[in-house]
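As structure tokens, the structure follows; a few thoughts come after it.
Labels run A, B, C, D, E, F, G, H, I and J following the written order; every chain starts at residue 1.
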Amino acid sequence: MVTAIVLIRTEGERVQEAAQAMLKVEGVTEVYSVTGEYDLVAMVRIPEFEKLADVVPGQLAQIPGVARTETLVAFRCYSNYDLDRMWSLGFEE
Amino acid sequence: MVTAIVLIRTEGERVQEAAQAMLKVEGVTEVYSVTGEYDLVAMVRIPEFEKLADVVPGQLAQIPGVARTETLVAFRCYSNYDLDRMWSLGFEE
Amino acid sequence: MVTAIVLIRTEGERVQEAAQAMLKVEGVTEVYSVTGEYDLVAMVRIPEFEKLADVVPGQLAQIPGVARTETLVAFRCYSNYDLDRMWSLGFEE
Amino acid sequence: MVTAIVLIRTEGERVQEAAQAMLKVEGVTEVYSVTGEYDLVAMVRIPEFEKLADVVPGQLAQIPGVARTETLVAFRCYSNYDLDRMWSLGFEE
Amino acid sequence: MVTAIVLIRTEGERVQEAAQAMLKVEGVTEVYSVTGEYDLVAMVRIPEFEKLADVVPGQLAQIPGVARTETLVAFRCYSNYDLDRMWSLGFEE
Amino acid sequence: MVTAIVLIRTEGERVQEAAQAMLKVEGVTEVYSVTGEYDLVAMVRIPEFEKLADVVPGQLAQIPGVARTETLVAFRCYSNYDLDRMWSLGFEE
Amino acid sequence: MVTAIVLIRTEGERVQEAAQAMLKVEGVTEVYSVTGEYDLVAMVRIPEFEKLADVVPGQLAQIPGVARTETLVAFRCYSNYDLDRMWSLGFEE
Amino acid sequence: MVTAIVLIRTEGERVQEAAQAMLKVEGVTEVYSVTGEYDLVAMVRIPEFEKLADVVPGQLAQIPGVARTETLVAFRCYSNYDLDRMWSLGFEE
Amino acid sequence: MVTAIVLIRTEGERVQEAAQAMLKVEGVTEVYSVTGEYDLVAMVRIPEFEKLADVVPGQLAQIPGVARTETLVAFRCYSNYDLDRMWSLGFEE
Amino acid sequence: MVTAIVLIRTEGERVQEAAQAMLKVEGVTEVYSVTGEYDLVAMVRIPEFEKLADVVPGQLAQIPGVARTETLVAFRCYSNYDLDRMWSLGFEE
């Protein structure tokens, strides 16, 4: 599993609208509205790296209200949890 | 559940050592070594906000090799997943 | 009590208008127009962290004239004063 | 009453020690360890502006562990509270 | 006497127009068009700190052509000159 | 008369010592310890531009405790005061 | 062979369109849409330095959707590959 | 093939030494000493994304003289050349 | 002779037009379109400092297409060449 | 002729020493100590681009007291002067 943490700046008043639109993009597991310099952080978890191009520049960056995206791709993940299993089990609500 | 995304700069050669030490801090579920301006991103998920003080400035910032931390606290989380249940079931390896 | 210090940039000539509008947001106890890089600083003091999402991105960031907000959430407060009692007594004018 | 909001960067591991030392400086009513780009925020409330020189460059900036201070002085304060009375009543613990 | 040094960015072609308008603001003793990152520097010298709110956010920031102001308030002034007497004698042209 | 506004960063605890040393440099009329991103601002007023090299890189930048200087040279000065006469009369204390 | 690495920021939604237009510029061998602070990186490989003016400010910077370019020109190239031969053989698709 | 463009800052005088050391890291095809804000740019071309962790934080960042690395991973590559074939043919000198 | 190096950002597509217009400004000896963070660098060489105000904010900053100028004035010039004689001989084409 | 404008930061007190050392580097025609964010600007004028590697990273960056260099290489030069002839005539002092 490849994980990317996308730091996002939106046009001020469109934070919520943009966050909800991001959930419809396959591979986006969570979107957080956050304190600090950025407005949103989207967590992208996908099976193969090649799909990232479609998820981030292809879809996330095109969402109305998104001003800038800065993607941090995980080289390596350190965790006490079996993340692959967790996310694959699909705890959709 | 309160989530915080901690952007971390380390002293160049101590990335791996710092990442592993962070996993021993209660509340840290994942640590990613990442591309881009930062070196590590730690995901902190805790039941109450008050615990964040102990996790971030209290422990993460004190770990040898950590140069700077910048914490983004989630105002709100948007997800198709039942995150509380996922993380509470504890998929420890 | 959870405290947040919100650093705000406004459109030049709307500083005063924005500051007065912020006072109508529940949880905002003080707004200062300040020297330096920022234009306004709003002090938010609320009983539970969960309310912060509504106060900052939900209301403050939507106020006409507000260009950018950067929220610093207090991990811990150090004071010689009994702040909880002070603010709860409500010295409304 | 003149209010100043002092944004402070400390040497990583000395956040707590510096915060406690700041409380001993007359005029400092609260010190918050915070998320985001800065480590601490000190609130300074003093009767006359002339005292600020002694409080900030004179004392706060000299405290061991303080790397940089950036002072935002309040031009004007907007509040629904009678702040002068609140802080003058002295709710020392 | 309270002194403030106001660093100003203007819209490129309105430097001169903005500088002349600033001279009409009471408390502004000199305005310099300067080399470097900023376009203008205004020197404000007033008897009491409380007046600064009206001079900078109240008037200077509202002048057409002013894009951003960053005010540096003097904690303390070191000089071999008797500045108070100099500026009070009023060498208006 | 050529005026330069020198924005200065010092090593935290040496602000006062550096300010006093600057007063001994010919051409420096005032030094202010200030709020905001910088620590000191020195006002340099000299008859000819050619002397600036000796005043700033030649002397001010060499003063113990000075970390960085950024000089803003005045292209033009706008003032209601007869500055040349004021500073030439020499109101030394 | 002179190599230049051009770091490019585009208007959010025009990344792909701009990348394809760049391929038509003689001397551009590869264009990558990338993670991080920039949106695209164009690799320019040309026989003589004098041609760079036409390739970058002359053509790349004029492409619709390109907001800013920052060109890093290679002083020297270190490689285990015979790059001149590789790129001259022309593996056009 | 996954491509990464690694922007590198070195300690001033160790540019050449660091560049040569980088060529020994498997996956690094070219290293350029460059003009502008950065000192070196390393081109990394590897078959699978998972190897990037070992190449960049694992090896490049550990090379003596390397102060900071900022990795831009290619989402997508646009080229008129058959890059996979080119680099696989191995034009080692 | 007073020399100033003016770092200029232009609106992307107007680099060439702006450069040519700058040559008509008396005192501008060379204009370079450059790699890196800036778009143009203008070299200004004039007999007296007082003329700089007219050349830079007075004319260069007003040229259509110029977004920002940052002027570096030479305190001192070190050269093996007799620059005054060179530029005074006027090698106009 | 290829021209490069090298923006240089030095260790505060070694400006003059570094400037003089730079004059000994072949291709460096002028060095200016300057106002603003940088300390020195070196003008490099050489017949072929390939020599730049030796002049800047090879020699200038190695000079004691030089902290950072940022090289702006001229894509194109616009001038009313016959610069090639001027610099080739060699007005050495």
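Simple rule for what comes next: a contact is a pair of C-beta atoms (placed from the backbone, for glycine too) under 8 Å apart; a residue touches a chain by one contact, two chains touch by 3 or more.
Every value quoted in this text rests on a predicted model; they were computed, and no experiment measured them.
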Partner chains that chain F and chain I have in common: E, J
Common touching chains of chain J and chain B: G, H
Most remote chain, CA-based centroid, reference being chain I: B
Rotation angle (°) superposing Cα atoms of chain C on chain F, nearest 5: 180
Winner on C-beta contact pairs when C-D is weighed against G-J: C-D
Length of the line joining the C-alpha centres of chain B and chain G, rounded to whole Å: 37
Interchain centroid distance [CA atoms averaged], chain F/chain H, Å: 46
Distance between chain centroids, defined by C-alpha means - chain A, chain H (Å): 26
Multi-chain contact sites of chain F, meaning residues that touch two or more partners: 33, 35-37, 52-53, 56-57, 70-73, 75-76
Which pairs of chains touch, using the document's own definition: A-B, A-C, A-D, A-G, A-H, B-C, B-D, B-G, B-H, C-D, C-E, C-F, D-E, D-F, E-F, E-I, E-J, F-I, F-J, G-H, G-I, G-J, H-I, H-J, I-J
Contact set on chain J toward chain H in their complex: 4, 52-53, 56-58, 61-62, 66-73
Chain I to chain H touching residues, read off their complex: 35-37
In the complex with chain F, residue positions of chain E that touch it: 3, 5, 19-20, 22-23, 29-38, 41, 70-83, 85-86, 90-93
In the complex with chain H, residue positions of chain B that touch it: 12-13, 15-16, 33, 35-37, 39
Contact footprint of chain H on chain A as seen in their complex: 2, 49, 52-53, 56-57, 73, 75-76
